[in-house]
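Alright, structures below, take your time with them.
Two complexes are shown next, each including chain A; its partner changes from chain B in the first to chain C in the second.
Let's look at the complex of A and B:
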């Protein structure tokens, strides 16, 4: 009766390690920013404006990725910008996930009038154009960290609710739910103990995707100057500033853009990688 | 002997969504059309019928996964026809079910040990770990299997877990819904032998749903033949196989492939 099925292990894969590695570097950079940044990210020096990155002629030692038109160090600003990006990603992503997945689970499992109510609400909600909606929202309640997070949560919860609802409906039709009823488990118990664990891999993938999206949304809002106060460095703000001088100083635009790109890509790949690694069901 | 189940005039109809008009209610589709039967304590009752005869629906009514639309179902003297979930819960321990597809009836996220232990905890059993170990032992699985996930088992092993899960609760009645139809022939024989032994050893009352009469003949003391939601025959197994009364039963019997002693391998 004993066979090898219990000892099958799966390889984690480069995807998981690379994306987790990049995010770990970013988290460390954000936590240690005051100690590891070479320069003060807010210090301006007009004599050192538009210095190129270190490998080009005319670079100053200490300004590794060059400076912007006000003489602020690009590397230091990217590292400080990581703080805001990560806080928004984690907090907004988690709250969106809790709200959306919770409602989706209720709708998909309980069905009936709960489902009708939540589904119609999602339909109506999705008819609003999201970018305009968030810009309008922040224009009304004023910019700030809380506003960014609120805007992301309010716009993106439907993304979770729709997918989780569909998944919970599919899982609810499985025999193990009937089996749990025969065993005497109540509705709440079935939802949390039987269905939730089966929907969790989907939720994790969505959560990491959402974190990437949150970073993008924050960058978009910074780009149109609706993020936090303009003094604090943000990736979106840097991209907006770099855009104006892209022919004279391309590095002001390109380095925050690369950082943003790698971060969003890492978040989405992290989700896929985690799902591959920790899903006990070999599909 | 006393009757464990006493079913009178059982009817069940479901909304026929394929013929639902754009506005207004869907027409009702009658699945069970007034069934009267009893299952005596300690009997092994076979329920046979073709696809769509209502045998699985009947099974789900017996363990009250479905609520009948008419008639009454009494379990050990208690009317369970329209009891709600809360009132049913204490009774649930006493009637258990083994499902057709063990892959979908075992939650893929839980280990085998958890799958068997959870119902025990729900019903407040003591010595859960010991009971899980004994249940695994009963169905002939090594204790080490408690740490495995369902996908790490073969089809026959999974079905044994399904059986272990049901018998761990020490029920009075077990419904087995087509439990060997998804297994290969040798696993079928093993699972049937196991079930036969357990029924004798634990004094269980069993309802065995199948479309395979040769399996029924081997296992059951009594057979009920369902056809389009009506009982066409309900007799002791030997009588039924010797002299089938209903035309439909004869049809089913004729469909069993019999080994031909004269045939030689070419």
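Let's look at the complex of A and C:
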């Protein structure tokens, strides 16, 4: 039993570092994109359309991962796409977290009509197919970075609210909360000073998972062609083009897909790894 | 009695939820910029033409008035007329529903088979390398959503080893003798195995993409429950009676370990149905989700409303059924 637990812990540690490593590389790539991209990600050259990656015959030097149908460099577009993906992950993830966790904390701690109201909204939200809802919202607010972030916040706040509400409820029933009440702490004080710190590990895990979800939502929206303007490089937009021409130029689909896959996997594994770290049973 | 009361309570909250969904969709899509009527008329149309057609679709009234008219129609089974195709919304939606249902159910069956197999194998071979490999595969499958699995499958079985179709529901040149839109089911009933094979070759990848994340959830939870059950006294007892390991797992542990998994499958099934929207788009599969995206792009307001309400109704119905099934199956709740 004991050695089994040790190997679980080692494996968890390895995946935590691997995913953090990939995300660090991505952040660096996004920050340094203007200096490290070999080509202009927007430059079109129809004479250089659908060039294969460097190891295939017919490749042009400088276009390491080939070009799309308009002759735009795949590698440069992936690197610039990382900027958008990470901005969406960070900003949308954080705002969603603040809104959802805040409402969940209020519902779970205050109970009463606040809880009834928020829970009813959660029920209604859960009855929407999320992808369809996001596409609908973008169609309404119009495309653009702000719209994507807004759509993610509107749709995903329930992920935080549901879990945090349940946690806050469980914490609220514990003795330390009762003793804080006896000690004369106000309700706001108890909520922020006593309950929030105990729910925080859960919130951090959810936030990490949400960042991965935000990246996927952005990709799905650009896949449906509802994301940013069509010119700006996005992973989802590249995937949509690659999907349409998968028999002619597989590399236009494969490389953005690998990048997106690893990124989503990393956010998720980071979240799961953190969960194991915080989990007293495994620790 | 208690069960009945729970049921009625749940039915009431379901009605409230559906009403909320209807109101939200109704208001949200009417804030859409771009007049859908202007889009469907030819370029030479006058202001008067637009006004006349708007009146025909009731779009000249205030939003609350429009909602009352629409809700009154819905209660009589009239969901309005699609603006782009000019056909009744209900007929359009019901025509596509079978495709989405078949896809969802096939995905569910795949998920149960894969997840169940993984959990049972992992339990049978616990402590070995195989168990470790199954855990790692489970973790991967769980972390990556259906959309990305769909793309991976397209590359693997559509391009690298092209054995399945990557788009559509059935090969268009085939002559279909079907009277319903349940192609998969009807081809089987009519024993047209040639058509059945073609339909399965189209459905396989989208269904598998939807199934992979769910199978991981099933595999993980079922294995966890099995692990806990395997330590119970009655399992040890049956082992001392001399039963083999396979019998102990399948006949003794499994029936007791399966209940939490069943509940979870029900809830997760609604997520799977929600996933069909983008998966159908990805595989150009002619179901509800694909139609919904087209409706949003074409600003077909009545059609969008109809589809979202139908999805919401399916979601809430599945959740209701799961709760009831759980109450009926769980003796502790039944006799409470």
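Structure notes:
Rule of thumb we're sticking to: the second predicted complex is superposed on the first by the 261 of 283 C-alpha atoms of A that agree within 3 Å, B and C clash if a C-alpha of one lies under 4 Å from a C-alpha of the other, contacts with A are read in each partner's own complex, and residues count from 1 in each chain.
Criterion: a residue touches a chain if its C-beta (ideal position, glycine included) is under 8 Å from a C-beta of that chain, and two chains touch if they have at least 3 such contacts.
As the structure is a computational prediction, the values presented were derived from the model and not from experiment.
In the superposed pair of complexes, A:128 makes contact with chain C only, with no contact to chain B.
In the superposition on chain A, A:268 makes contact with chain C only, not with chain B. Contact with chain C, but none with chain B, is seen for A:224 once the two complexes are overlaid on the shared chain. Of the two partner chains, chain C is the only one touched by A:246; chain B is not. Applying the stated contact rule after C-alpha superposition, one finds that A:170 touches neither chain B nor chain C.
In the overlay built on the shared chain, the residue A:25 is in contact with neither chain B nor chain C. Using the contact criterion defined above for the overlaid structures, shared-chain residue A:116 touches neither chain B nor chain C, since it reaches no partner. Of the two partner chains, chain B is the only one touched by A:186; chain C is not. Counting residues of chain A touched by each partner, chain B versus chain C, the larger count belongs to C. Counting contacts by the rule stated earlier, no residue of chain A appears in both its interface with chain B and its interface with chain C.
Within the complex formed with chain A, the residues of chain B that make contact are 60, 63, 65, 85, 88-89, 92-93, 95-97, 99-101, 104-110, 118-119, 122-123, 140-142, 144-145, 147-149, 151-154, 157, 165, 169.
Across the complex, chain A meets chain B through its residues 1-3, 5-6, 8, 174-176, 178-187, 189, 193-194, 197-198, 200, 280-282. Contact residues on chain C toward chain A in their complex (touch as defined above): 13, 16-18, 20-21, 24-25, 28-29, 31-33, 127, 139-140, 142-145, 147-148, 151-152, 154-155, 158-159, 166, 273-275, 277-278, 281-282, 289, 292-293, 296-297, 299, 304, 307-308, 311-312, 315-316. If you check the complex, the residues on chain A that touch chain C are 4, 15, 120-121, 123-124, 126-133, 135-137, 139-140, 142, 212-213, 216, 219-220, 223-224, 239, 243, 246-247, 250, 253-254, 257, 260-261, 264-265, 268-269, 272.
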